[in-house]
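Two complexes are shown next, each including chain A; its partner changes from chain B in the first to chain C in the second.
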Partner chain A sequence: MVGLSVGEKHFIQGGIAQDLRSDGRKRLTYRPIYVETGVIPQAHGSARVRLGATDVIASVKAELGKPSALQPDKGNIAIYVDCSPTAAPMFEGRGGEELSTELSVALQRCLLGGKSGAGAGIDPTSLVVVEGKVCWDLYIDGLVISSDGNLLDALAAAIKAALSNTGIPKVNVAADATSDEQPEVNISDEEFLQFDTSGIPVIVTLTKVGRHYIVDATSEEESQMSSAVSISVNRKGHICGLTKRGGVGLDPSIILDMISVAKHVSEQLINKLDSEIAAAEASEEES
Partner chain B sequence: MEYVSPEGLRLDGRRPMEMRQLRAEIGTVAKANGSAVFEMGNTKVIAAVYGPREVQNRSQQINDQALVRCEYSMANFSTGDRMRKPKGDRRSTEISLVIRQTMEACILTHLMPRSQIDIFVQVLQADGGTRSACINAATLALADAGIPMRDIVTSCSAGYLNSTPLLDLNYIEDSAGGPDVTVGILPKLDKVTLLQMDAKLPVDIFENVMGLAIEGCKAIANYIREVLLENTKQLEYRRGL
Partner chain C sequence: MRGLQLPLSQTQRIRLQRALEKLQSLSCKANSDASVTVADTIPVNYEDAFLKGHGTTDLNGDLVATVCGVVERINKLVYVRALRARYKPEVGDIVVGRVVEVSQKRWRLEINFSLDAILMLSSMNMPDGIQRRRTALDELNMRGIFEENDVVCAEVRNFQHDGSLQLQARSQKYGKLEKGQLLIVDPYLVKKSKQHFHHLEQFGIDLVLGRNGFIWVGEHVEARDSMVVDQANSSEQSMVPEEKNKTHTPLEMRQNICRIANAVRVLSTLGFSIDADLILETVELSSTVKIDIHDMLGSEFHVLVAEREAERRSLVGKRKR
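== the complex of A and B ==
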């Protein structure tokens, strides 16, 4: 994937050991985040997030559907990620499928909680229009346009921004909806409901290179990793999901250490992201 | 349905011979050798060029010229209704082929033997004329990558509805069932490299519609030249010349 010489590898590893990475950052510093909202006018909500040379777009589309019989009081949410071949020639054809699936599953795990929907960043009960009959199906699509490492964190940030940009049309249900038939619904063009996005977690990926771990690794740094742990943390500091990648084993005590570091880093990330989202929303309203 | 009102205005308020607003940006994908975003109204595509580089699949290597490859893909959210299509369906394969052939015709492939040039186009929003927008974006991306070309290629579509030739159809006009003529030209050499039409049209009207599309291509060519010139000025400025 990334062709590096022995000297370059040594330089990256040495820099990380000395807490001064090749782009001048410290081990626990993120690259600057740029957020742009409303980039896809056809979607209900969308956002583009840039993290250095990593560039992703997330869009949210809502469709009226039927809740599953097992969970009549919950709407459906699905996350799909696509890796565009523009990001790297290796994603051509079916080449990006493996990574796309890995990212989709990791995001579902970190943002949507378990099967029951408990611990989800978005409350699935808020999507129900008529219990057991009508609900919103939320489709969240991520697209990787340019990839320079740390895709998971960027995608999670983009999804958070897209959801705060989302307005779901208000639905009026016909009053005589007491029978067993599907009730008639009327979708309003003017009134929109906003989501409560304060509970949506951010994902912090800690990549272990040598004896140390770093946040927001570039693709050069990722090529040198032994393993990586992605931890999703919400504003309250609760851990909402966890994924470990990479083959090399980790000491359990190190994992606990990583979690506490991720918790600390996530506070700054959430604040930074929130202010960026607010700025993006403000500039969108102006234009 | 009425696509041109008695006052001579189209559904989106344009006049029959008016193009949608163009916007282009060079260098949007940092990791690619060349890249560009091209917008025609609500249609928005990104093109990225990788190469010229070593041929990845040795059996495809051509000894006296460069191998040009192209892949067209649409984002799930690009159309009005969300769709989830498998990659490599017939439509995208056909468009990939069209873009590849059009770009191959203008790249000086004999200057780069035993190498490979990859063109990737990604549709972010589709509102009619994606084919044209993709070709225009690919031209800009190739120019940004510094790949030698005979001329820039530009493309534009035109149609014929309510007995009026219309320039640059949007999605609603495109799906109206009338003829849709997509033309690609090399503006400096004044040659047509791409011509596609569906539905039937009398020959004399076809001449008009094609002429209109060629005019559109020339207008786009002027815009693309402006964008490239502006980009070159920026590069010059950054080098401190």
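== the complex of A and C ==
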């Protein structure tokens, strides 16, 4: 991240105060989102999302495994994010690890719900094959290729697109399984089950600069932030997760205001994202 | 097409392709044989003695290019000049750089070159305007002139014997750039011209086209007359930053700055050479089409600019004939 001179910082802060950012956007406008699906053929589902200069890829792989003893009717889902050293100079070597863990944890909180699996955006009960014995393990991996701010929103959008693109193979269970043995399973190569992604939330990150909040900050604007709150909202308008970054404390009334702004912005974002994902899948089928 | 990352609809894609094909057909045909991509064989007469220069290699007895670019031949030297390389400085170029380090009697600037450029304290006009030897006190007050991360405009003075670059900022028009934004484009898009400083009167905006690809768009600042800096004024100046916090750039000027900056971004995405006339035409086009400042970065405007440029060049070509 190159530094900014005092004059440039002042210009950015002035722009945000006057509702006209450096690239002409208003405070609550997103950059154009560009979605491509099916970029990794070996994975069961994948997507690439570009938000301005921010570029991320998400991939979904499914493997058969055993459900945990505490929740025999639910599959396992793991989310992990990696920041590639090519994304920004500060990610060289092991510099990106801290950010990767922070992003992974935030996404897990928003998409996977609590320890008991309640309130998850992705329904884990749809992943079970034979209750108590066999279930699907989903591994969702995110890779940050280029970083220009607002990584969390881009990753959440990429995961949503990748899950819409995911096809889990149909499994035929051998009928004569006794209760103690592992049942035989036949993984079909032909038939696939599509995932239901209407319940998956999107993440809206509100960055506070001065007295105003902006949505979808570039890395220059993020360097000026006092704090940032990432709110995960689903289609019904329910909050699925909340993360706050930044050292400056916030008054509770500001947080409530940010939540209502995020709900308002998320409606447009969900619709835009759904239409982009549909367009991407359509063009993938053509090619 | 340069792998544009724009969500183009089907019709937009066709229109853009047509415009780019038209531009390609209008471009100079003489040099089309000279452009090569990686692993293309370079047509050379192997009986003549020739020297293999940069960007070439010997593969199975053939001379093959290792970069994408244009083949240049100078006497017996054959080399490939890459197009999207780092900035190649020439003496007298105007560049815009960012201060990376303040060292003994010099500032080190980053200008998108393979090494950092050096701006000596003696190559910089003193704030009081008097030509004198730089004392130790001047050296200690260097940060008062330029600090780290400041954006500075200067001219290339010469090359050192170790290859590094020396800059000078002796005229009033060079110096610190504030109240605006810095845009970074590929260096090959900014061609050498008579004027690199443009004062756009109708907008009240300064546009500095640095040949290293750093372009500055900001509020117009009058050429600094000799500022008298002494103890009394320095306390006044320390109050000025707080005042500045209250006096932001006025909204209309900010809109003009953003419009011009977006015009530069559009031209850089499309790969067109950037000069002041083209920028002004693009800004006019955006106001005639009544497009929102942010929508200038959308696919429709990119397609419009490409079509406009294709038309303009074909008209110029017809006029020549």
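One rule holds in what follows: the second predicted complex is superposed on the first by the 285 of 287 C-alpha atoms of A that agree within 3 Å, B and C clash if a C-alpha of one lies under 4 Å from a C-alpha of the other, contacts with A are read in each partner's own complex, and residues count from 1 in each chain.
FYI, a contact is a pair of C-beta atoms (placed from the backbone, for glycine too) under 8 Å apart; a residue touches a chain by one contact, two chains touch by 3 or more.
As the structure is a computational prediction, the values presented were derived from the model and not from experiment.
Student: In the superposition on chain A, see if there is space for chain B and chain C together, and answer fit or clash.
Tutor: Clash: chain B and chain C overlap once superposed on chain A.
Student: Name the contact category of A:Ile145: first (chain B only), second (chain C only), both, or neither.
Tutor: Touch status of A:Ile145: first partner only.
Student: With the two structures laid over each other on chain A, which partner does A:Leu193 touch: chain B (first), chain C (second), both, or neither?
Tutor: neither
Student: Between chain B (first) and chain C (second), which, if any, makes contact with A:Arg94: first, second, both or neither?
Tutor: So A:Arg94 only meets chain B here.
Student: Under the stated touch criterion, which partner chain does A:Ser22 make contact with: chain B (first), chain C (second), both, or neither?
Tutor: So A:Ser22 only meets chain C here.
Student: After the superposition on A, what does A:Pro85 contact: first (chain B), second (chain C), both or neither?
Tutor: The first partner, chain B, only.
Student: With the two structures laid over each other on chain A, which partner does A:Leu256 touch: chain B (first), chain C (second), both, or neither?
Tutor: Once the two structures are laid over each other on A, A:Leu256 reaches no partner at all.
Student: In the superposed arrangement, does A:Ala282 touch chain B (first), chain C (second), both or neither?
Tutor: neither
Student: Is A:Pro32 in contact with chain B, with chain C, with both, or with neither (first, second, both, neither)?
Tutor: second
Student: Chain C has the stretches 6-14, 60-68 or 222-230; which one runs into chain B?
Tutor: 60-68
Student: Can you list the chain C residues touching chain A in their complex?
Tutor: Within the complex, chain C contacts chain A at residues 5-7, 98, 110, 147-151, 176-182, 218, 241, 244-245, 248-249, 251, 254-255, 258-259, 261-262, 265, 292-294, 296-298.
Student: In their shared complex, at which residues does chain B touch chain A?
Tutor: 28-32, 35, 42, 46-48, 50, 56, 71, 73, 75-80, 82, 84, 87-88, 118, 120-122, 124-125
Student: Show me the residue ranges of chain A that touch chain C in the complex, using the header's touch definition.
Tutor: 2-8, 10-15, 17-18, 20-26, 29, 32, 34, 50, 276, 279
Student: Show me the residue ranges of chain A that touch chain B in the complex, using the header's touch definition.
Tutor: For chain A paired with chain B, touching residues are 39-43, 46, 52-53, 55, 57, 59, 61, 63, 80, 82, 84-89, 92-94, 97, 139, 141, 143, 145-148.
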